[in-house]
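In what follows, structures are represented as structure tokens.
Presented sequentially are two complexes of chain A, the first with chain B as partner and the second with chain C.
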Partner chain A sequence: MKHLLGQIFRSGKFLFGFVIFMIIMLTVLIYPLLVEYPPLKTISRGTFLPPGIYVNVYDSMTFSESYTLILDNAATKRIASKLNAEDRQAMKEWLVIGAELPEDEIDVDDTAKLIDLWTTNFDPTVRLPGMTNADRNYYIRLTASLDGLLATEGATVAVANEDTGVLEEKYVIDQTTYVNVGEVPNVRVLPLGTDNFGRDVLTELIKAISVSLTIGFVAGTVATTIGLILGLVSGYIGGIVDDLIMFITNLFTVIPSIILLILISFSIGQEKRGAFTIAVVIGFTSWVWTARAVRAQVISLRNRDHVNLSKLSGHSIIHILAMDILPYIASYVVMALILQISSGILAEAGLSILGLGPRTTEVPTLGLMLNWALIYQAPLLGKWWAYFPVILIIALIAFSMNLMNTGLDQVFNPALRD
Partner chain B sequence: MKVTRFTIVTLLVVVAMMAAALPSLAQETLPRNETLYFNGQQWGAVVGWNPYSSSMNNAMAIAQGASARVTMFESPYLYNMLDGQVYPLLANGPFAWNDARTEITFSLNPAAHWNDGTPVTAEDVAYTWASHVKYNTPTGAGNVAYIEDIGAVDEMTVVVKAKLDENGAALNPLLVESYLSANYVAQKAWTQVMEERVGEDATAFLADIAEDVVFSGPYGPFFADESKVVLVRDDNYWGQDASMWGKLPAPKYLAHNIFADNAAGTTALKAGEVDVSQQFNSNVQDLWLEDGLAISTYLPEAPYQIGASLPTAFFNLTGSSVGLDNVAVRKAIAMAVDYPTIIANAMTNQSATFEQVPRSLMNPTAGEQALYNHEAVADLQWVGNDIEGAKALLDEAGVVDSDGDGWREVDGVNLHYVATCPNGWSDWQAAIEVVAAAGAQIGIDITTNYPEWSVYQTVVTKSDEPLPEGYDIFMMWSNGAGPTEPWGRIRNMLSSEWVGMTSNWSGNWGGYVNPEADALIQAIPTETDPDKVVELYTELVKMYLTDVPSFTLMYRPQSFHTVNESVWTNFPFDGDGTEPPVPPMDCTDGWGIACLYNLELVNP
Partner chain C sequence: MKAKGKEETAVGAEILSGKGLTRVFGFGPNKTVAVDHVDFSFKKGEIISIVGESGSGKTTLAKMLLGLLKPTEGEIYFAGELRDISSHKKKRQYWQNIQAIFQDPFSSYNIFRKIDAVLLDCIRMRGGRRLPYDQKRAMMEEACSFVNLKFDELTNKYPFELSGGQQQRLMIARIFLLKPKILLADEPTSMIDACSRATILDMLMNLRDEIGMTPIFITHDIGLAYYVSDTVYIMEHGVFVESGSADDVILNPQEPYTQRLLNDVPKLHEEWDLSTV
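Showing the complex of A and B:
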């Protein structure tokens, strides 16, 4: 056994796949211990918040120590974030056509002068030839964002007096005031932002991986068990039993399993479609090839001398199958199981994208995350964090399992040994 | 190279295929500068052009209703959602009630004519109604209880007689009025041709695809298959007469590509292949803020659209949900729900908030908001997220957790409810999730479930028996904007006349019964004193907010009106200076059709 394991881990392909898979597994196991956020809790009001560090503005104003930093380019950065080169050019265009100012009088790089010209001349009600409502909206938004852009004094925070309702000055925040993020009591890091429900994508993703792996494992075990038993029985006993089992197997072979899967999931109905049910359904529709392959191997084994010896010794069929045949095909079964797990995960994702996966809100799965990202058009809107990490994880899981499978094949299959 | 027989045959086949494809290729090349492209209206291939039928699946040409689609067929009046008024189309000037308010008289515009050149006459209007009744069309069935007869006084004058109650007053003057802006006029001569063709058989009459139909509107059929439908302008359209529009609508073609789903529609809108989009584009503001596209909505900022209907969660009051007969339980759930999250996430902010438009039975339009006394009901309106208030309300009503398992009980039974809506209705599902989340915070277990629409609709519309398990809190829609609103909406949400129907597509699916509300609903249509009407509506809103038979989750626009101005511009927007204001109705519905006459090319 030790020798066998040593051989397996000497296979570079297997090792690489195994490492990827273990990293995913460990993340799934360790992350929930460190971060105890409920995976399905809506935390953001507003969909698809981009990844980043979210710092509570109220806390950073009121509860945190503030520091003064004199940085040279602070004002420039502030202005650039609101007024980029395109905006400046667009302002110039409007001023030339709308206010009929000579083009050479407008210096787009002189921010103060440009804003001054703009505030005195821009009139949102003027409709220029060829100007669309979208353009007009843009200019109105731009004008609003320019408000106070060049101010040098701080902003005053006022609080309404509880009794009178009159605003009372509480703080003045200078342009040079900073807080240390580490000292703000409420900071939430959203490494992958939020999704269409306003849930933390990373936390949801980790939970989804564990659910999807479970689905894959259950589906794979069910499929492999059914395939193995049918293959063993059919191959060893032969005759009418073999004919019957092969008849059923052939029936399942010609009907594409995805169609069976869709029909069964649909007829179960949404209310009964839990993650476990889906896993079992996937298992029940994907045992066919395992059964055929196991049968073929058993047929080649059943007339070996040691099997005949066992027969002569009066061992029961179950004993012969378990002790004399199974060990010879065990490596194949393990490899089949790995592939079945991987295809179970893919099948769940496929079903969920069609809206036939597990019920939406009990547990997240990789497929459901993709489904909702698609429904809320994340790919069209460029919200990559809602779907790309999911796709990447699915790809990594499938990739690592296939690598492990190929690695095992190289070890066990004499024809492929180096 | 030796030319084999096989090569020749192959070449011939290819040539034949190209020849077959040519006519459809010709259709592909509509001149972009003369075509206004739509999406979000037409799904699947057009069946036919019969204006009497509601099963033609022809969204660009046939859609009768509060704001009738008047691209091809026309109604006597046009409803304007923004000011609540109707404006004459086929009619000449406003209609008039007689003093007893039992009949309406209006005359037709002498300029109005059919596309075959014959004038539109009072006989056409009368015969259209008679046919609706004779063949029991949906329009006939829906109005025959309120309209006695529509007849021609002379060639140009129409009289609409209302059905009267035992006191000799019109049963429902509101519905009689709204008939005039909601329904098309069809040509008598053509109707008779069709009758002859179908042998006066009602089923065949409604199933006739009417390829020979005569129409009075500015556009007629040009091309339709499973990939697109195109209408072409009738350059002889009567509306260019100075008494109506004074010109022809700007686009020569109205084209609607048939997309597979919303995502395909959004992609086309982004690419500038769609000018007017009537679909829910999530986070629509990203299209201009992030992508910098020439796309805009009616309002430049959230809620982007004008809300018109009230998607609502109904409580099951038919007796099969333990505890929901207790008003404290209902109100507590409604108070605890986080509406701002529903609006921000499920609707991606394309709905006014309940701070902006406090809840009542009215939609957010100014006309409806003016119909109830805001101060009188201010104490009853809740904005949501009021966990403490909800808990206090339950405690006060004696609905407490006495066995300490975390869930409150009524008569020793834990309160457990299922909140539901149809599967795949994404914005509703997201909203129902938020409703369920509120339950746990106030000690009421609410889980979610999403049956397929085919199942859901059969269950919910069967109002003659208690709702089955799994439908404790369920979502349905309300009426949008129209000349009978808010009366029609309130009737559908509160009236007990729907309870007991085997197939109830009207409303009050939860089975709320309140004779006082019924009486008020009946009184409003015949009330002529505007102050009194406000008083009655206020009373109804009060009842609704006190009894909480259902609770509105968001406001939803009549049409999602999003436009791409890369080819056409001058679409309606808030403050565009049009008088009367052109409503954002995708340039096709009711007074919204005026948009087509204002359009200009960005690069002429």
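Showing the complex of A and C:
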């Protein structure tokens, strides 16, 4: 046993797959201990907030100690964030064509002069040849954003007087004023932004992984248990029992399991489709392959001498199946279980994309996240954080489990060892 | 001049017999008639050998006699009555009376079960499930020492950790505990080294004297059959072509097939040399 474990973990493929899987598992286990956000709480007004660190502006102005930092490139950076190289080039083009300025007089790197030229010459009513409405709007937006870009004085914060309603200056925030993010009471890191409902994608994703893994595990266990029992019984007993079981198995083989799955999920109805129900349904439609494989293995084992000796020792069928057959196919069953778990996860994702997955209000699953992202057109809108991490995780889980499976195969089938 | 290591024992009533026993594998063009309408009658106490070349159907016959394989046709009688193994309980009873040693010791044991479990199974089979462990252990020790093994060295080990000869001896220890009326030994010495063969045979003969069982040797080696047995059945392509007392059949063979088997054993008429058995 120890020897076998040693061999398994010496297999590079298994180890690699195992490490990936363990990283995913540990993340799923540890993250909720550190971060206690409810996974499906809407936290933003507006959807698809991009990934980043969100700092409360009100807190930074009023509740946080402010510091003065004299940094050389602060102004340059500020300007660059509003006016990038592309914008400068576009301004130059407009000035050359729209205002007919000589091209060599315009220096795109001299921000002050460029803005000066722009404010004196730009006329939003002028239509250049070949200019679309979108282009026009772009220039108008650009002009608005340039307002106050070169200002050097600070921003004034004013509060309305309670009695008179007159704005009274409170204080001025200089351009050199900083706050320490660590001292701002309200900072929320959204490493993967928010989704279409304004929910924290990372927290949602972690919860979804754990739910999907559970679904996969339940589905895989159900499928493997049914397949194992039917395979053992049909392979060992043979005869009419075998014929009957193989008839059922063939029925299930002829009807593709995904179609069966869709039909069953559909007929269960929206109300009753919990994550657990879906998992069990997936399990019930995917045992066929395991049953066939186990049956074939049992048939090759049932006439072995060690089984005969066990019969001669007066053991019952149950004892023989459990002690003389099962241990010999255990490695095989473990491999089948791993594949069933990973295909259970994929099956849930497939169902959910079709809108036939588990009910939506309580828990997310990987498939549901994809479903939401698709419905709200995240791919079209370029909101990659709402769907790409999900796809990546599904791929990683399937990849790691298949790697473990191949690794095990190499250990258990000496013929495959290189 | 027969160099048999056994005493003449009184041959008693019929213990196992068969009528028209047949086994067919497959059907259509793949049909193999492994055992073809054989009749036989084994008497209590006699030593029987079934001799035939490889593929002649010996193992198939043995499995049918053991109740591990259903005959396609024919009947088997045990102790004068039609054998009935239709339920698990009846099978268990039958297997208290008939046991086997298989050809390949390396595939005869479950590799996941320890030697202790193998021996304890036998005690349980004899109704000793509830005995205190000390007593069970004493029985296992006795059985092991009968085959020159030390139980203390075997306990908590797996059968595959032993050599082929030791594994076959453990099989004999098993039979020692089970004390069946009939023992089917299917080429028990063909897969183990020459030095162990004579020991194994000696132990089987001692065991026969000890527990009074009827051994049935299955072998492709007619010399060995002559050396150990009273009655010999010669099997060719699933049919018993010749049978009778070992002296009659082997010293005075009627069939060319028997002759051919004999020609493969050059030293038969000389003094038997144990080391080549």
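To be clear about the criterion, the second predicted complex is superposed on the first by the 361 of 418 C-alpha atoms of A that agree within 3 Å, B and C clash if a C-alpha of one lies under 4 Å from a C-alpha of the other, contacts with A are read in each partner's own complex, and residues count from 1 in each chain.
Keep this in mind: contacts are C-beta pairs under 8 Å (C-beta built on N, C-alpha and C of every residue); 3 or more make two chains touch, one makes a residue touch a chain.
Predicted model only: the values in this text are computed from it and were never measured.
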Touching partner for A:381 - first (chain B), second (chain C), both, neither: first
Which of chain B and chain C A:324 touches, first, second, both or neither: second
A:315 touches, of chain B and chain C: first, second, both or neither? second
Contacts of A:134 with chain B and chain C, given as first, second, both or neither: first
Of chain C and chain B, partner touching more chain A residues: B
Partner chain in contact with A:306 - chain B first, chain C second, else both or neither: second
First (chain B), second (chain C), both or neither touched by A:197: first
Contact set on chain C toward chain A in their complex: 63, 66, 68, 88, 91-92, 95-96, 99-100, 102-104, 107-113, 118, 121-122, 124-125
In the complex, chain B residues that touch chain A: 262-263, 266-267, 270, 281-283, 286, 288, 290-291, 293-296, 300, 340-341, 344-345, 348-349, 423-424, 426, 429-430, 433-434, 436-437, 448-452, 455, 470, 563, 565, 569-571, 573, 576, 602-603
Residue ranges of chain A touching chain C (in the complex, touch as defined): 304-306, 308-317, 323-324, 327-328
Residues of chain A that touch chain B when the two form their complex: 42, 44-48, 130-135, 137-138, 140-141, 196-198, 269-271, 355, 359-361, 372, 374-377, 380-382
